[in-house]
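One structure is given here, and the rest of the page talks about it.
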Amino acid sequence: MKVGYLCTFTPKEIIYSAGFQPFRVFATERPIELASAYIQSYSCSQARGALECALKDDFYAFVFTRCCDTLMRLTDIFEFAGKRVYNIEFPTKIGNVEYYLRELKDFVEVLRDWGGEVSFESLVESLKLYRELEEGLKQLFSVFPDYETAIKVQQIDVKDAIKLVDEKLKSAKKEKESPKVLITGSVCPYPKIYDLFREAGFSIKDDLCTGSRFFEYIYPTFEPEDLEGALRFIAEKYFYKSPCPTKHYESDRRFEYVIKLAEDCDAVVFLLVKFCEPHFFDYPQLKSELEKMGKKVALIELEFPVVSTEQIRTRIEALREVIL
Amino acid sequence: MISAGIDIGSITAKCVILQGDKILAYSILRVKPNLEESAREIFEKTLELAGLSKEEVDSIVATGYGRGRVDFANKKITEISCHAIGSHFLIPDVGTVIDIGGQDSKVIAVENGKVLDFVMNDKCAAGTGRFIEVMANALGLKIEQIGELALRATERLKISSTCTVFAESEVVSYLSAGKKVEEIIAGVCDAIAGRLIAMASRVGIRREVVLTGGVAKNLGVRRAIEEKIGFGVKVPPEPQIVGALGAAVLGSG
Amino acid sequence: MRELMASYYMQGHQAECNAWITSGAPVELLYAMDIYPIYPENHGALIGATKLGSYYSDFSERNGFSRDLCSYARCDIGCVFAGTSPIGGLPKPTFLFACNNICNTVVKWYEVLSRIFKVPLFILDTPFIRKELKESHLRYVEEQLYDFIKFAERITGRELEDQKLKEVIARSVEGVGLYAHCLQSARNKPSPMNCFDAFVNMAPIVCLRGTDHAIQFYVGLKKELDDRIKQGISAVDNEEIRLLWDNIPVWYRLRWLGEFFENRNACLVADTYTNAWTGFGELKGNDILSSMAEVYTLSYLNIGMDRTAEIINHLIELYDVDGVVMHSNRSCKPYSFGQYEIQKKLSVPSVIIEADMVDERVFSEAQVVTRLEAFLEML
C-alpha cells in the first residue's frame, strides 16, 4: 500500500520497514484543477500539484514533516479532503536529537495503528537497502546525473530502485566536464528541464530535492543495536543530510554548502517554484555571495506542470552564451 | 409597471426593459472608459428599441462593477444577487448559477431566487472571459469563433498555467510547435471549465445549473463544463443579459 | 496612544541593548532583562497604515527579494536598505529573537537580517500542534527557553533575576486581562468599538506587554469603553449586522473599510487577529518557563485547523455575530491557507476577500466591493 510523502526529510526507511510503499508525491503533467477548490492560488504549484495527485490517485495515507508554512497547512487540508494523514514534527532548528527521537517513536506507534509493525530487524534491513540506493545514486550522479532515474526511484520499491540504478550505472557515459552549471532549488519533477541544460551544452550538478538532496547524507558512525538505536540513527542521518532552506542551522551551514558546491561550476541557476518562500528568501543574499566568487547567476521561476519549455530554453541558452 | 435593469460589467454594458414578466427590449454594448456615459448610452439605446421615453420607466436598478456610476438609478445591487434573480426568473428550478463574465467568474448557490452562498475567482486565477479574449487574440481569432472551433477539435491540448501571461506563452509555443488551432482553443476552454468546476465544488453543485454571462455563449466552455459535471446545463437564450434582467425584475417590485 | 508608541520607539533608539523580536515570541524574558524589544512586524503595520508599503517594499525588490514574499518582511528589509522609514528607521539590533509559532517565514526573514547586521540570531522552535500537545513538545520548547536565557545573558552580560521575571509576568497577565476586557466590551449591543479600533489599539499589548505602560493604557481604554457603553455610544450609528473579521488587517484600507461597513449599518465587532493576544493571559507565575512553553506553543497560528475553527466558532458565539469576513492575505500563508476549509466548519456564513496586509498594489477595490456587498445582501 502506498504511503505518500512530500519532503526529503521524511523517514521513508521507517515507512518501508512497516510494510508500506513510500511514494514521493510530485506535481504531475496533469493540469491543476481540483486542488484550487482547497487552497488559494498563491500557494506553490508543488503543493497544489501534490494535492491534485492525492485527490485523484489511490494512497493509503500521507506523511508530512514540518517544512514550510504551506506544507504545514496542507496536512490539515489533505485531512479535510478525506485523506489519512500524519505529520512528524521535524524540528526547524537542527540540533536536538533527543526531541526528534521522541517524534520518531511516536511515528512508529502511528504506523502500528495503520497496521504496520516496525521491528528492529525490519528497520535495519530497510536502512541498509536505502543506504545502498543512496550510494548507488551517488555513484550514478558522479558519472552522469540522471534525473529521470532519481525521480523514478522515489516512487517504486527500494529493491527495484537499487536494480534500476545498477542498470543505469552500467550504461552511463561520463559527461564532459565543462562548462558546468549548479542548479539549486526545491523540486523539479520534470526530466525534460534538465535536458534543456544539456542541450545548451552544460554539464550539471545540483542542489535539489529531486536530485542530490534525496541521497546526500553524512551517516552516523555507530551501529544500531536495538530499535531505539536504529531510530536514533535515522534522526542523526536526517539532521546531517544536505541542508535545506526550510531548516535553521547554527552558523550558516546551508550557504556554506551551496557555496562549496558552486566552487567548480561556471554558473549557478536558481530553479525556483513560484511562491516558494524558503528558497526565495535565500536567493538575494546567496546570489550575491556566489557573484562575489565570480559565478554567473540566473533565476528561473517555474510553475507546475511545466508544459512549454521554450522560454526556459531561451534563458538557459542566454546564460550559456554569457559564460562563453 | 415598467422597469429597467442596467448592468455595467467590466467588459460590456447591458440593459433590459421589462413590463410585468415580458422583456420589451434589451441591448449589449462594449463599455467605454467613461462608465457614466456608457450607462446613459445603453439606457437610451434600449429605450429606443422599446419605443419608450425615460419618463415612462418607473424604476431603474443598476448592477455590475460600474453600478455605483449609474447616477440616474433608483437602486444599486451587486450582480451576484441579480444573476440569481434573473436566472430564477427564466428557470425557476435553478439551484446553481455559473456566471462567467469578463473579469470575474462567480458560482452562486440559489434557492427560490435567493442567494444561499457564492464564490468568486481569486485574483490571479484564469477562469474568465478576458482570459479567453487574450488567448483568442494570440491565435488571431474572433471571440465569436472560439466555441464552434473548439467543438471541432478531436484532441485537447493542456493549458496548465493559472497566470494569463504564462498561459499566453504556452499558447504561442503550441502554435510554434505546429499544433492545430482548434486543439489549442479546446484546451483553453477545458482549462476554464476545470477551474470553474473546482471553484463550484466549494459551494456545491445542485441542479439545475444555469450558465450566464458572455462566456455562456462559448460552446466549447459549455461542453467542457457539462462533461465535468456529468449532466447538461441550461443556458438562457441571451445569457449575457441575465444580470440586467435580474436588476429589472428587482425593480419591478 | 500615538505618544505612547512614539516614546516606545524613542526609547528603543536610546536603549543600551535591544533585540528585534517576532510578535509571538515571549517578550517577557526581554523586559525582565531590560533588553528593549523592537517589533519589525509592528513597524511593517505602521508602514502599511501610512500607505507606504509598496514604496519600501520596492527597496527589497530591487535587491532581489521576490514580490511574492511576506510584505512585512519586504518592507522591513526595504527600510534597512533605504536607511530610513516613516519613523526614521529602527535602531540596529544587539541580537535577533524569532519564534516560529506564527510562521516559518520569520525564521527566513530573521536569517536575512542576521546576515545584514552580522548579529546573533536565536530561533525559538515551537512544534506545530496539529492535534494534541505532547509532553515532548513542551519539553523541547522549555529547554530552548533555558538556552535562550543563557544566550541573552552571554550577549548582554546581564543576569536574569527570578524575581524580576515574576514581576514582568504578573504585569503581562494583568495587561492581557485588561486588554481582553476591552475587546470584550464589543459584546455589548450595539458595540462601542469595532475591529478597526481594536487594530489601532493593539500595539501596546504586542510591544509593551509586561510593562506598566500597557497596563495604564488599557486601564484608560477600558474606562473609555465602559463610558461609551453607559452613554449608549456605538461604533456604528445604526448597528444592524454584526460581523467578525479574520486575518491581519488590510492596513492601508482601515478607514475605507470602516466607512464601507458603517455606511451599510454593519459593524465588524471583533476579529481573530487582536483576539489572538488574549491567549497570553494564561501564563502562570510559578513554574514560569514551563507555562511559558505551553502558552507560546499553543499560539493561535500554531494549531491545527479543527482547533482554529473551534476558536472562531467560539468568537462567533461570544460576540454574537451574523457573519465572518475572511481576508485571504497573500502575505500570510499560515493564516490564509485552510480558510476554504474553515469556512465550511463555521456556524455562520462567511465571505473571502483577496488582499494583502501592506502591499496596496494587490488590492482591487471593485472586486472587494462586489464581494462584500453581495455578502451583505445575502445576509
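We just call them A, B and C in the order they show up, numbering each chain from 1.
Definition applied: a residue touches a chain if its C-beta (ideal position, glycine included) is under 8 Å from a C-beta of that chain, and two chains touch if they have at least 3 such contacts.
Fair warning: this is a prediction, and the values are worked out from it, not measured in the lab.
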Checklist outcome for this item: Chain centre (avg CA) closest to assembly CA average -> C
Next on the checklist: Relative to chain C, which chain's C-alpha centre is the most remote?
Outcome noted: B
Checklist entry - Counting C-beta pairs in contact, which chain pair ranks first? => result A-C
Checklist outcome for this item: Expressed in whole Å, how far the mean CA point of chain B lies from that of chain C is 40
Checklist entry - If you average the CA atoms of chain A and of chain C, how far apart do the two points sit, in angstrom? => result 34
Checklist entry - Once you find the CA centre of chain A and the CA centre of chain B, what distance in Å lies between them? => result 43
Checklist outcome for this item: Multi-partner residues in chain A (2 or more other chains touched) are 37, 40, 42
Checklist entry - When you check chain B against every other chain, which residues touch at least two of them? => result 122-123, 202
Checklist entry - Can you list the chain C residues in contact with two or more other chains? => result 328, 340
Checklist outcome for this item: chain A residues touching chain C in their complex are 37-40, 42-43, 66, 68-70, 72-77, 79-80, 87, 89, 91-93, 96, 99, 102-103, 106, 245-246, 248, 252, 274-275, 277-278, 280-285, 287-288
Checklist outcome for this item: In their shared complex, chain A is touched by residues of chain C numbered 63-66, 68-70, 73, 100, 103-105, 107-109, 111-112, 115, 123, 125, 127-128, 130, 134, 136-137, 139-140, 143-144, 304-306, 328, 330, 333-334, 336-341
Item to check | Residues of chain B touching chain A in the complex | outcome: 122-125, 158-163, 166, 169-170, 173-174, 176, 191, 194-195, 197-199, 201-202
Checklist entry - Across the complex, what residues on chain A touch chain B? => result 29-37, 40-42, 303-311
Checklist outcome for this item: As the complex stands, chain B meets chain C at residues 10, 65, 68, 77-81, 103-104, 115-120, 122-123, 202
